[in-house]
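In the two complexes that follow, subunit A is the common piece, with subunit B as its partner first and subunit C second.
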Partner chain A sequence: MNEAALYEYVLRMSDDSLILGQRLGEWCGHGPILEEDIAMTNIALDLVGQAISLYDFAVLLEGKDRDHDQLAYLRYENEYKNLLLVEQPNGDFAMTMLRQFFFDAFRLPLFEFLEKSPVEQLAAIAQKSLKETRYHLKHSSEWVIRLGDGTEESHRRAQAAVDHLWRYTHELFYENQHDVELQENGLVPKLSDVQASWMITVQEVLKEATLAIPTNNWKFEGGREGRHSEHMGYILSELQYMQRAYPNMEW
Partner chain B sequence: MVDSSQIRNYLNEVSDPEIPVLSVLDLGVIQQIYLDSDQWVIELTPTYSGCPAMQQIESDILLKLNEKGINNARIKHILSPAWTTDWISKEGRKKLLLYGIAPPVDEVDKKTLFADGPRVSCPKCTSENTRMVSLFGSTACKAHYQCRECLEPFDYFKCLK
Partner chain C sequence: MSNSQWPLWEVFIRSKQGLNHKHVGSLRAPDATLALENARDVYTRRSEGISIWVVESVQIHATDFDQSGSFFEPSDTKIYRHPTFYEVPDGVKHM
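Let's look at the complex of A and B:
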C-alpha cells in the first residue's frame, strides 16, 4: 500500500471537513432564523467529527506519532491541503448554502465509492460519514431550490453565489500523480466517476432552482497544493489561537 | 471477579446525557465487552461523528465502572458497521415516546433529494397530522417537528441508516 499517497489523500479530506466545519461554526448565534443557526452548527459538528476520524487515520499513515490535535492546530498554512472552496467566506446565507451544496454533492458520491474501498479504516469512516452527508445534501439542496426559485431578491443572491463560487468547483476534481497511483491500485474511486455523479446532482438541483450554470471556464486552484487564498490565514489564526497561546491545552 | 454480562448490567445505569431516559444499552452503542490480557475492553460505536455527547458517555462509562470497583477498563471505538437507529432497543423506543421524543420511524426513502419527510406521530396526542419545522433539531440526531392538531412542538429522533 502506498502510505505516503494515502496520507496525502486522507489529510486533504480531513482538512476539507475541518475548515468547512470552522466556517459553518461562524454562523453560531448569527443564523437568519433559529432553526438554521442550529442546523448549520449541527452540520459543523458532523464535519469536525469526521475530521477527527480522518486525522486519526492520517496520523497512523504518517507514522510520526503525532495526534489529531497536532495536525489540526499546529501546522502552517501551506501544509493544509483543503479546497479553496471551503475556505471562502460565509457571505450571505445564499453564499453559505451554495458553498455547502457544491461540497455536499461532491462528498456524497465520494463516500459512496469509498465505502467499498479495500482500505478498511477509510471504508469505515466513509460508511459512517455517508449517512450524515445524506442529511447535509438534503438540507443544502432544499435551500438552494427554495432560494433560487423563491423571491426576486433570493434568486438574485443565489445566482450571484453560483456565479462567484463556480470558479472554485473545478478544484474538487484536482488530482496529481499520487491520486493516479491510488486510483490505479483500486484503493480510491476514479475522480471522473465522482465528477459525473456530482454533475448530475448539480444540474438537477440548479435546474429545479431556476439557477443557471455559468458558461465561463474560469478556474481558481491551489488549495490542494497548499497555496491558499488570503482568507485562510484569518481562519487559522482563530482556529489555532488556543493551542498556540496555551500549548498542549485540553478541555 | 466480574464477568462481561455483569459489566453490561452496570452499563444500564449509564445514560445518554442528552436524552437521560435512554441508557447506553437502549441506545445500542455498546458492542462487545471482553477481557484483553488484564484489561476490560468496552466496544463503543459513535452515533454521529461530531456528537459531543459521545465523549461524555465515554467518561461516564469509565466512571461508573470505577464506582463498581473496575478500574482496568478502556473504550474501543468501532466505526464499522456504522451505528444505525435500528439499534435503539424496543424498550428505548418506548422510553423516547414517553419522554416526548418521537422515535425513529422506518423511512423507506433512499433517495436523498426531493423526498418528503417521514410521517411522524405526535408524542403527545398521537396525531399523524404533523409537519417538519427543521431537519436539524436540538442535536444532530433529532429533527424539529410540530403537531398540527394539538400544536405541540416536539423532537423527532431521525432515522439514520
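Let's look at the complex of A and C:
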C-alpha cells in the first residue's frame, strides 16, 4: 500500500478538522445567542473528535511510534497541511458560517466517497463522521440561507463573506503526485467528483440565499504544502501552549 | 414582545424509553426549523431523546395561577374518585 501518500492524505484531513475545530472553539462564550454558542461548540468538538481518529490512523501509517498528541501539538507550522480556508479568522458570524458552509459542502461528499474506500480504517472513520458532517452542512446551509435572504445588513455581510472566502475555496481541490497515485489505485475518490458535488451544493444554497458567486478567479493556496497565512502562527501558539509548557501532559 | 428578540419556543423531547414527549425547557429561534436545530444542540447533547417537538410559547394557553383554587382544589375532597374503594375479588391476580 502507498503508506507515505496515504499518510499525507490522512494528515491533511486531520489538520483541516483540528484547525477548524480550534477556530470554531474561539466562539465559545461569545456566540450571538446561547443556542448558537452551544451549536458551534458542538460542531467544534465533532471536528476535534474526527481529528483524533484521523491522527490515530496517521501515526499508524507513519510507523514512527508517535501518538496523536504529538501530531496535533508538537509539529511546526510548515508541517501542518490544512487548508488556508480553515485557518481564516472567524470575523463576524456570517464569515464563520460561510467558512463552515464551504468546508462542510466539501467534507460531506468526500466522506461519502471515502465510506466506500478499500482502506478499512479510512472507510470506518468516514462512516462514523458522516452523520455529524450531514448535520454540520444542514446547520451552516440554514444559516447561509437566512443570512443571505434576511435583512439588508445580514445580506451585505454574507455577500462580503462569500466574496472574501471564495479565493480560498480553490484549494479544497488541491492535488499533488501523491493524490494521483492514491486515486489511480482506487484508494481515494477523484477530487473532480467531490468538486462536482461541492459545486452543486454551493450553487443551490447560495441561490436560495440570494447570494452571488464571485466571478473573479483570484485564488490563494499553499496550506496543503505547509505555506500558511499570517494567522496560522497565532492559532498554533494558543493550540500548542499547554503541550509546550507542560511536555507530555495528558488529560 | 419586542422585535429585538426572536420568538420563544417550548421544547418537548421523547426519550428512548418514553412513550410521550416531555417538556424540557425553552429557547429562542427565528423559525421552526432553527428551533428544532437549536433544541437538538441544547437539549439532546447527551442522547436524551429520539424525537423533538417545538411549539411557539405564545401558542400555549395556560390556567391562571390566581384561579387555581377554584380550578383544582375541589377535587382534593373527592377521594371517592380514586378507585380505592373496591373490594378486589380473590380470583383477581396481579393487582
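The criterion applied here is as follows: the second predicted complex is superposed on the first by the 251 of 251 C-alpha atoms of A that agree within 3 Å, B and C clash if a C-alpha of one lies under 4 Å from a C-alpha of the other, contacts with A are read in each partner's own complex, and residues count from 1 in each chain.
Throughout what follows, a residue touches a chain if its C-beta (ideal position, glycine included) is under 8 Å from a C-beta of that chain, and two chains touch if they have at least 3 such contacts.
All figures in this text were calculated on a predicted structure; none of them were measured in a lab.
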Which of subunit B and subunit C A:V119 touches, first, second, both or neither:
neither
Residue contacts with subunit A in the superposition, subunit B compared against subunit C:
B
Which partner chains sit in contact with A:L47 here, subunit B, subunit C, both or neither? Use first/second/both/neither.
first
Taking the superposition as given, does A:A5 touch the first partner, subunit B, the second, subunit C, both, or neither?
neither
First (subunit B), second (subunit C), both or neither touched by A:R146:
second
On the A-aligned overlay, A:A39 touches which partner chain: subunit B = first, subunit C = second, or both, or neither?
both
Touched partner set for A:M95, first subunit B, second subunit C, both or neither:
neither
Subunit A residues contacted in one complex by subunit B, in the other by subunit C:
35-36, 38-39, 42, 135, 138-139
In the complex of these two chains, what residues of subunit B are touching subunit A?
46, 48-52, 79-84, 112-115, 133-140, 144, 158, 160-161
Contact residues on subunit A for subunit B in the complex?
21, 35-36, 38-39, 42-50, 52-53, 108, 120-121, 123-125, 127-129, 131-132, 134-135, 137-139, 141, 201, 204-205, 208
Enumerate the contact residues on subunit C facing subunit A in the complex.
6, 27-30, 33-34, 37-38, 40-42, 45
In their complex, what parts of subunit A are in touch with subunit C?
33-36, 38-39, 42, 135, 138-139, 142, 146
